[in-house]
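What follows is chain A paired twice: with chain B in the first complex and chain C in the second.
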Partner chain A sequence: MSGTGRKGKILVIGGGISGISAAVEAGEAGQEVVLVERNPYVGGRVAQMHQYFPKLCPPSCGLEINLRRFKTSPRIRCLTLSEIQSISGKPGSYRAVIRRNPRFVNDKCTACGACADACPVERPDPYNFGMSSTKAAYLPCAMAYPMQFAIDGTVCTGAECGECVSACAYGAIELDMKPETIEVEVQAVIWATGWDPFDAGKIEGLGYGVHQNVITNMMMERLAAVDGPTGGRIQRPSDQKGIESIAFVQCAGSRDENYLKHCSGVCCLASLKQARYVREQYPDAEVYIFYIDLRTPGRLEDFLVATQEDAKFTLVKGKVAKITEDATGDLEVVAEDVLSGGQLRKKVDLVVLATGLAPANGRAVQIDGDLQTDEHGFFTIEQPMGGMFAVGCAKRPTDVATSVRDATGVVAKALHFCGE
Partner chain B sequence: MSQALLLHPDRSFAEELIACGGGDLKKCYQCATCSVVCELSNVGAPFPRKEMIWAQWGLKNRLVSDPDVWLCHQCNDCSTRCPRGARPGDVLAAVRQKSVEHHAVPNALARSVNQVKFYPLLLLLVPGVLLAAALVLRGTLERILPLGEPHESAFYADFFPHWLLIGFFSTFTALSFVGLVFGLVRFWRGMAAADRMDGKEPTIGVGASVVRTVKSVLLHDRFAKCTDRVSRRSSHLMAFYGFMALFVVTVWATIDLYLLPMLGVESLYPFNLLHPMKIVANIGGILLVMGCVKAIVDRSKSRESGGSSSFDWTFVWLLLLVGITGFVTEAFRFAVDPVQRTALEYAAYSIYFVHLILVFGLLVYLPYSKFAHIFYRTVAMIYAEHSGRTQGGERVELPAVVEKAS
Partner chain C sequence: METKVAVYICRGCDIGDSLDIEALNEVAREKGAAICREHECLCGDDGCEMIRQDVQDGANALVVAACTPRFKTDTFTFDGCRTERVNLREHVVWSHDPNDEDTQALADDYLRMGLARAHKALIPEPFDEEIDKTILVVGGGVTGIAAALDSAAAGYDVVVVEKEQQLGGWSGKFARTFPHKPPYREPEPIPIQERIALVESNDRIEVHTGATIERIAGQPGQFDVTLKANGSSSEFRVGAIVQATGWKPYDASRLGHLGYGESPNVVTNVELEEMIATGTIKRPGDGKPPRRIAFIQCAGSRDENHLPYCSSVCCRVTIKQALMAREFDPTAEAYVLYKDMRTPGQYEDFYRRAQEDSGIFFTKAEVTGIVPSGDGLRIEAENTLLGDRISLEADLVVLATGMVPNSADGEAIRRYNDAKAIVAKGEAGAQLEAAKQTVEELGHVEGSAILNLDYRQGPDLPVLKYEFPDSHFICFPYETRRTGIYMAGCVRAPNDSQVSQEDGSGAALKVIQSLELASRGEAVHPRWGDTSFPDFFLQRCTQCKRCTEECPFGTLNEDVKGTPQPNLTRCRRCGICMGACPERIISFKDYSVDIISSMIKAVEIPDEFEEKPRILGLLCENDAYPSLDTAGLKRLKHSAFIRFIPVRCLGSVNTVWIADALSRGFDGILLIGCMAGNDYQCHFIRGSELMDKRSENVQEKLKQLALEEERVQLFQMPITDYERLPQVINEFAEQIEEIGLNPFKGF
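Entry: the complex of A and B
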């Protein structure tokens, strides 16, 4: 790849699959890229997944391919633990102010883990949605890039403890590291801010946060993942019991004007996929999916049909609006079976809420001009001010493959603003 | 069970429901959240999800002969939890209005009474003219018939004698109640026919169903299951028992006036303030007014507890005004000196006349207005017990609806 011949610089905000893909494409097209990621690692939501649909391959295929291109690209500057503070200027000439938060670990880190062994402080691990814990000195995830530990400044007791400093043989720990401000000049900005799982605790009647065995679909991904809190065994949080029956509650918060008005687009396939995870681990487990409408467009229909071949798998048209728990932690889901018109109560071991995708672009960034969002809070496809583009789930809920393709197309648009 | 079923959609009926409070019914996408959040919903045939699709399709016959719409006390939890803002609670209220109008005899009267433009004519002018005519004819009637006032001392009887009052209201109320009975019989038959079509058999005898229903009405126990955000139960209890007390007193007053003298017992009419019946009447009146005021305030404050149509508003205001004019009339009775009468007398007669007009509007139009719910809801509750739909019913057992791709 020799690029377009026009040299410029592009700012990519967000280091998930969309941001990584955009950065890689722009870099390979000959542009300088600055990628800003809030977390201490890149990979975003995809890194947390157990498998992709419909091929059921792990994220190490796909994400890792792009991650390798990302790591080896000489033109990409990756700023983790960083947030945009402001963007000023005009298309073709933007100045972005970036705040880089301290990692407290420098580039000498070899990820040996001695700091974590020495660290006395435990914290719930946000990567596993609190289902496990790490030390305050932690490696964000198994395939983290950069492959460096980080120290959680919100719980670390600082220099007065200093156990990690003496444990580190490489002098990689700097507990007095300060936030720094970085300014960059770019021609175009790509917003790849992605999505947050909708806060299931807000949903009335489903008992998330009250009943321990009601979990979200993202928690299910972590439960099934080999690098997850249970080493990949799907089990109940309350008593580590295996699964004899499980219910998936579709549209938990989505297509609901009280919560997320939009259809999150991927949850039907995600639940069908997770049904397969369960059936693979438990040959006798019963799986129920409660839906309003099943949305499996195009060739994804084949995945639905193949899943339905399984005699232990049942689809019920009717939204679960009530979940109760008994003393043993067993759950009862209540729905109306719309096709037969009767009330239905089903006892299950575990309930997975197919929580939707909420736009993650709500964080305060001062910019010149308007960033336009649609009625659901996602960025509109074309921003009114030229030189700014949204990609992937920042724009609409979408699957991984579509996000990657979208990134390529958006970069082609951004290139117009690069160079002289 | 590949049985052909011919549906007769009536688009104009859907439009009618939209016009009288069910404006959002087309937003429903049949998720059935409503049927689950409703604490009153039946197990065997939950509502209001099925009613929503019937309404969208304009299946008038199903809706007007559906007892389930009357099992709803409109707490509107379904509406606040509805993901689409389709407001099922308000749609059911509209269906209830249409059900009353559908069954009423004569039908045209029901349709007119519930139209805002006919209120001045039907609710005020017609009873006004009829009452005035009765007053004009009074002298003639008294010459022809041996009608005497049993109590000379009854103040208002000078203006509107009791024989005229009782004769007038009995005649008109009886006429409208004949229509009501026809309507209720049609309603019952409609419900039974719909269940037969669905292959459902009654499970409990009518007598036992009546007993259960009366108990439920007296306790308002189904009402208590509603998880109201703004409680309607307390205002309904007050208005209900207030009205019932006044009804009992009215019946007793008539007995006291005409029946007791025949049996040789001295009539105590008109009751003084400490007479037990007068105490019951005054407490009943206060409850009625309080119930109506609370209902009006609650509804004005919050749409959350349900949108109110003119069907609702007319009824609750009429009831309140009957209560208020009743108290003013009573106050005048004690204010006016029965011997040395003054100009106050004419004010008293005027307000009494207005009170009688309003009572006519309330009682004679009962079968055509929202007041009809006192009968339709009761009959529907009896039928619901009779048909067994409130007694658990069959729950769907999984896997019952495994959808296998063909």
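Entry: the complex of A and C
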């Protein structure tokens, strides 16, 4: 017989799927956890996705279970709208200073929505990449956790408006809420800071930001999602037209010395998945995928095979050089076709750039000691300081299953620093 | 302890404005509430304080008629009490017309149902079993070593069982691995000997090499292991298991079309790896160093006739081997013929490093033949980057063969053993013929068992696809269908040594969790922390074996007569056994056939002259219930004629509830659960599918009663279908109205 209850605390930075998994797995192993998330809700990138590959199932299904584990675990403290300011100390004894930004809505909120009904201010919704808007008082998403409204302080006109304050029957609105500083003592730190979509506007020739009908893969997730800007209908941004033909441009910024040198690991599968979204809605639509190599490791190969069975689906090995748009909003994709040796031109309604994963760990945190990143900006596997661990896409661009697996493993490592 | 029921009705969030609260109070009093209070905002400090006072005064069965139980969960949790949440907000006032007779009737019924449950449900007391916290790691390769070291470091005793005479697995046989550290350009040594030394010197870890498992009996916390090691047997007890049995190379003798076996100079990547480990590369044919080496990627992988999946590592292995061949002989050349080069993430740097090497050539190609040519080989290929058809001479051909998991298909072995037993008995009949056929078809599983579990459902874990034994590979990758047994490394998915080690650590955490939860009498994923467990009233068991067959987790064994033998620490508390049992002898303290029947009976059925149908909705609490909540949050309306009861899993639905409902006068029954099938979303794997099968029997019964079969319908949905769910409910309600009222109403 061995093993007992645990002491100490683990700090998890980032509340995406890696951070959530690390927190619940540690909590269930009897460990205290503080989770810090910069958004007003947890779930990170997966909360914005319509479906997972290869099962084409909704991420909110798995999130719901994880959030139930959150709600019932007394050991997890979840701080949203929060950022790490500094971490000092040494392995087994770190002190983290956390800035908690004001939500302007307190825990009395019942999510009834009266504040949003009353609010006169509209703002572009970052959850939908600006393709729709919310009020300044908003619920971040339909299945948000915490299930609480928030007020966007950057657009709210404050107390002189005060419509939400009068509308709220529960005294939940605090327009004068100030940022707080929270200090925690922890034994180990897990960096689950995840990724940001690479800025597609930087890629030359592909016309993102210039041509309205060139969108990114993350925008496509929102277009397909039932809680997205179009209620799940995939359509062209310029004229709301349905899709007769669509091109996916793989390695948009990835595997490219000028942008992201690394392979982003998931974009091939993401595009195959999105091709399925389109084909489900449009039985006659033509889908073209321009790729360098198709990377569908392990059993995910099945997903490629199943997608290829669709006669409307064309794979072209070759890099896209240029995308132009005509007056009607139609696009022309110019690509090399390396197998035939020629150049290919294709007219399509919509282009999706399979934009890569850029590490999101560049935020200013003061740390005593070294945190090592590689040339790409990802945290290295081995960190020079003990008790510091990177997990998921903070360490390597990867899929959900691998991130969850990694998060679980990293918790086992972090436990070493917590003591029995 | 006596149950003292207290009802709290919240007036907030439109409830007070939409319903007649006094009428609800009346319902509560009628149905035996000792206390009944209302509040403007129950979740506020005031409201909670009011409840807390009553709890101090002895209230222990609280009925909170307010919002969904998914909201303010901890606010309404009080020590020593059960809280029954009646969802008046999302499921009533936010989804129905305010101040309407039918809406009020719905709220009244939900309160009656909540009270019925509050009266009957008990606070579960966790079981108290002696839990041994030793961890068994099966397999002593990189993965098993990682699992063992991390478990020991967390304070647990570990036993490692390795079938070979030394630890290390494949990593112990190979010289170098591809790079895991920046700048990710050169092959790295594998620090396996250091890791083995750490295992061997660790006081908490006991190692058995040359050992196989003869038998594992028992359950998590109490697994009794019989080990055979170097001719002798030993027995010991462990609490949980990591299976890290790794992989074997795909059988290259099946790759004759690629020249394997035809020419000695066609070798596999594993054979080349073994040569590299000796420090030189020689052609097996004549011992000469090869000058031109051709690597054939996906040899037997991504191939429907061999391994349909990708083994994930072979591209990187080939790059490593090509670089090492060039290191051994800088004048040697390497040609890599691939379908797609797969070097994800930072491994792109490693690929780039090889592309920069002027002696390594890469091309996409479809290899059409490999034939002897001079004292070497000629490779014919099509559709390459160098031309439509190319022909390439090589001294040595390396087949990048894939990984096959070292798993055993527990369900197939069980079917095989059962069939063998029937054949041995030799009784005549169709059953014998079928058994003979099964024995023939499954002959290959003879002797393949690894864990040798003494489980009714087979001696090893069920496999999902291509022999990989997991169950929820996206969100919960460690889940298997045997509690307390976790997979790690290449037996779970083809992976490199770095990822396998990380995987070993993850599995270590999962076994630690399972042990800690078992020691507190709590369930593991997905009903984490649940202290209820199934109670079997075996005096009334008829040995029908449905529970032992249908449990997705192999919880139940059988005695010789076929009576179920519960193993509580194997149980996940889904209630599928309860749904399966025709004698209704299985129940949980807070979830039973009787409790749900009481809720069904609590609904007031209007008489036939009112012409208002009543529909029972049995709703999976995992996906369908949250979905209906979200519909409420979006103020989407659904029929006020339906009464929903959440169930742990659709598989826990006992068909007696359907019979009860019909005989009570319900006009229709809608069962709503998760998606079944290959891409199932059921949290208990088979629950939705099992209910689908059971509803076939229900349809039979309906026919016997001369009732329309449309009266009972099953709907499967993903959690995001909250826009569609109200439509489905409404369409069902319309259909029922068209069919007309249940003729048994009033009898």
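In this text, the second predicted complex is superposed on the first by the 415 of 420 C-alpha atoms of A that agree within 3 Å, B and C clash if a C-alpha of one lies under 4 Å from a C-alpha of the other, contacts with A are read in each partner's own complex, and residues count from 1 in each chain.
Simple rule for what comes next: contacts are C-beta pairs under 8 Å (C-beta built on N, C-alpha and C of every residue); 3 or more make two chains touch, one makes a residue touch a chain.
Just so it is clear, the structure is predicted and the values come from calculations on it, not from any experiment.
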item: Three-chain arrangement built on chain A, chain B and chain C clash or fit; value: fit
item: Which of chain B and chain C A:Glu204 touches, first, second, both or neither; value: first
item: Contacts of A:Leu371 with chain B and chain C, given as first, second, both or neither; value: neither
item: First, second, both or neither for A:Arg255, with chain B first and chain C second; value: both
item: First (chain B), second (chain C), both or neither touched by A:Gly342; value: first
item: Partner chain(s) touched by A:Ala321 [first = chain B, second = chain C, both, neither]; value: first
item: First, second, both or neither for A:Val305, with chain B first and chain C second; value: both
item: First, second, both or neither for A:Pro297, with chain B first and chain C second; value: second
item: Touching partner for A:Leu79 - first (chain B), second (chain C), both, neither; value: neither
item: Which superposed partner A:Lys55 touches (first chain B, second chain C, both, neither); value: second
item: Chain B versus chain C, judged by how many residues of chain A each one touches; value: C
item: Angle, in degrees and to the nearest 10, that opens at chain A between the C-alpha centres of chain B and chain C; value: 120
item: CA minimum distance (chain B, chain C), superposed complexes, angstrom; value: 5
item: Footprint overlap on chain A, where chain B in one structure and chain C in the other make contact; value: 255, 293, 305, 317, 338-339
item: Chain C residues touching chain A - in the complex, by the definition given at the top; value: 12-14, 40-41, 43-44, 67, 70-74, 132-134, 150-151, 153-157, 180-184, 204, 302, 304, 308-312, 340-349, 352, 364, 383, 385, 465-466, 468, 473-478, 493-494, 498-499, 502-510, 512-513, 515-517, 525-526, 528-529, 622-623, 626, 630, 633-634, 674-675, 679, 681, 683, 718-723
item: Chain A to chain C touching residues, read off their complex; value: 1-5, 25, 28-30, 52, 54-58, 60-62, 64-66, 68-69, 71-73, 108, 110-113, 142-143, 147, 169-170, 225-227, 231, 255, 261-265, 293-302, 305, 317, 338-339, 374-376, 378, 380-382, 396-398, 400-402, 404-413, 415-416, 420
item: Of chain A, residues touching chain B in the complex; value: 204-205, 251, 255-259, 286, 288, 292-293, 304-305, 308, 311, 314-322, 334-346
item: Residues of chain B that touch chain A when the two form their complex; value: 29-33, 35-37, 41-46, 49-50, 80-81, 83-85, 393-396, 398-405
